[in-house]
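Given below, in the form of structure tokens, are the structures.
Both of the next two complexes hold subunit A, though its partner changes from subunit B to subunit C.
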Partner chain A sequence: MHKVSPPLSIKLSIPSEFGYERVVREAVASFARRVGVASERVEDLKTAVSEACLNAIEHGNAQMPGTRVDVNCVWENDVLMVRVLDHGLRRYAGHVAPCIACKVHGEAPPRGMGLYLIAQLVDTCGFESSPDGGNVLYMSMHTRAMA
Partner chain B sequence: MLDDDLSVHIREREGVAIIDLIGDVTTFAEEKITGAYNEVSRRGARNILLNFRQNDYIKSAGIAILIGVVTEVNRRNQRLAVSGLSQHFQKIFRMVGLAQYIDIYQDEDEAIRGLTAAMT
Partner chain C sequence: MRGVTETLRSRLWQAHTAEWWRTMANVSHDADPVERVVELHLPSRLGYEKVAMDAAASVARRMGFSADRVDALRTALAEAVTNAIEHGNAHNADTRVLVILTVRPSELVVSVADQGFKPIDKAQIAPAPSIEDSFSRADKGGWGIWLIRELMDEVEFTTAPTGGNQVRMVIHLEKQS
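Up next, the complex of A and B:
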């Protein structure tokens, strides 16, 4: 019989400035290890969370001074769910596979791979609506091997 | 919060121009990396190794910088390799397709062997 895990959670709030995503990355990684995420997957999560925070800082909060990025992590029933919330000053969505040849040949901008990387590195991800009108990017990761 | 934790050094070994990238590769690394690349190219480098050291953090914006280097390498008909990446970032490089354009080696010695063998 499947054992139901008690929910555990952490909440973080960082200034919307480049560099603070490292604080989130380390905190979420520590939490993920604590709830049993395998070390290789912790590295995946660190990169995914960093990219999500950077998008929130650069796009969702449009690098507006004084804004913040909130990050909520909940572990329940062997799933770690991370939500990254911004003020929604700019909307962004979608993760298109990068055309590396287009980028190398100068036919597409070299940037724009963050959401694609996130989608590749976690089990599920997407956007949720927020009553405050901000962007909410969620990502989840199972904390033990799926049967 | 400052976000510029990358040291870049240039050296040469057995005809290979080595650019040591020590630290994290973020948005702010562009000037240092492209500057080092332009310098070794100015010196006539044909084989270039980006030797990553102590890189715990490579952003997608950092990968975009490397795509810019690949564009120039192709234009100048040079050969580009990387070494020292963690298994995680090797996976990331393959994931975004950079491995099609860059030879990935585990460490500097292996990269030198690979690049010098390709010269002969």
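Up next, the complex of A and C:
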């Protein structure tokens, strides 16, 4: 019998500054552990959430002082959904599979792997439209192994 | 009749919660250029204080607090959030706990606000409960506020802008000699 769990959520808002993504990472990891995400998957989620926040700080908010990054986490029906919202000063969307060999050989910048990495680490991810024009990156993870 | 009452009650909760969110949304962010604010909204469910503890510990470590001070902060925050869930929000699943971490150059200010369904018992804010009284209580509790005062540098009990209970705790960053 499938047990439908009541939704549980947290909301987090941080200054758009490098370093604060760690606070989000810890809070989301703590929430994920609480709702029953397996520990190795929590590590994946931490990396994905950090990357998403760094993108929001660097690209979405263009490192503009005084901007914020908001993170919402909702756990419902055994799915943990994390949304990272920025002010959308710069749009960014879609992910281009990077040329890993080029990066290893130093022919391409080592960065620019964020979205590719996120896609590898979570179950689903993508962009949603936001009424106020910001970028909204969502990432989801199932809290129990798929049979 | 029961259905109507349930609907009405649910509407009232929603209205109350919406108002609370609106008030909280007016909290100014980063008004002071040397101040940084992290805001966290939690469900009123025991266990989720861990999320606040982990977030605050991350901020405190980043500021350079020693491991002991970070542990003290975790314990104080656990007590404050648990009080908000159990007492201020009376375990109501529709309520939230708001934790605001304000990072300043020489201190970290942590405020915990509930929605004030039950005002804080003034007797509980008194310096220390007696051990005899605690033993006579079924839950052996009542030490949370005393503990918070022992662990934090400044503690203040106020009313949140929304009318809920608010505890404001400050931990000072000691200069490394």
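Just so we're on the same page, the second predicted complex is superposed on the first by the 143 of 147 C-alpha atoms of A that agree within 3 Å, B and C clash if a C-alpha of one lies under 4 Å from a C-alpha of the other, contacts with A are read in each partner's own complex, and residues count from 1 in each chain.
Operating definition for what follows: a residue touches a chain if its C-beta (ideal position, glycine included) is under 8 Å from a C-beta of that chain, and two chains touch if they have at least 3 such contacts.
None of these values were measured; they are calculated from a predicted model.
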### Query
Should A:E17 be classified as contacting the first partner (subunit B), the second (subunit C), both, or neither?
both
### Task
With the two complexes superposed on chain A, say which partner A:G36 touches: subunit B (first), subunit C (second), both, or neither.
neither
### Query
After lining up the shared chain so the two structures overlap, which partner does A:G66 touch, if you call subunit B first and subunit C second: first, second, both or neither?
second
### Query
Given the touch rule stated above, what does A:V104 touch, subunit B (first), subunit C (second), both, or neither?
first
### Message
Which partner chains sit in contact with A:D44 here, subunit B, subunit C, both or neither? Use first/second/both/neither.
### Response
first
### Task
Pick one for A:L54: touches subunit B only (first), subunit C only (second), both, or neither.
first
#### Entry: More subunit A residues in contact [subunit B versus subunit C]
B
### Query
Which partner does A:M113 reach: the first (subunit B), the second (subunit C), both, or neither?
first
### Query
A:A27 contacts which: subunit B (first), subunit C (second), both, neither?
second
## Note on the structure
subunit A positions within both the subunit B interface and the subunit C interface are 15, 17, 19-20, 22, 25
### Query
Okay, in this complex, where on subunit A does subunit C touch?
6, 8-15, 17, 19-20, 22-23, 25-27, 29-31, 33-34, 66, 68
### Task
Name, in rising order, each residue of subunit A that touches subunit B in their complex.
15, 17-20, 22, 25, 40, 43-44, 47, 50-51, 54, 98, 100-101, 103-106, 109-114, 116-117, 120
### Residues of subunit C that touch subunit A when the two form their complex
29-30, 36-43, 45, 47-48, 50-55, 57-59, 62, 93
### Message
Taking the touch rule as given, give the residues of subunit B at its contact with subunit A in the complex, in rising order.
### Response
1-3, 26-27, 57, 59-61, 63-65, 67-68, 70-71, 74, 86-88, 92, 95-98, 100-101
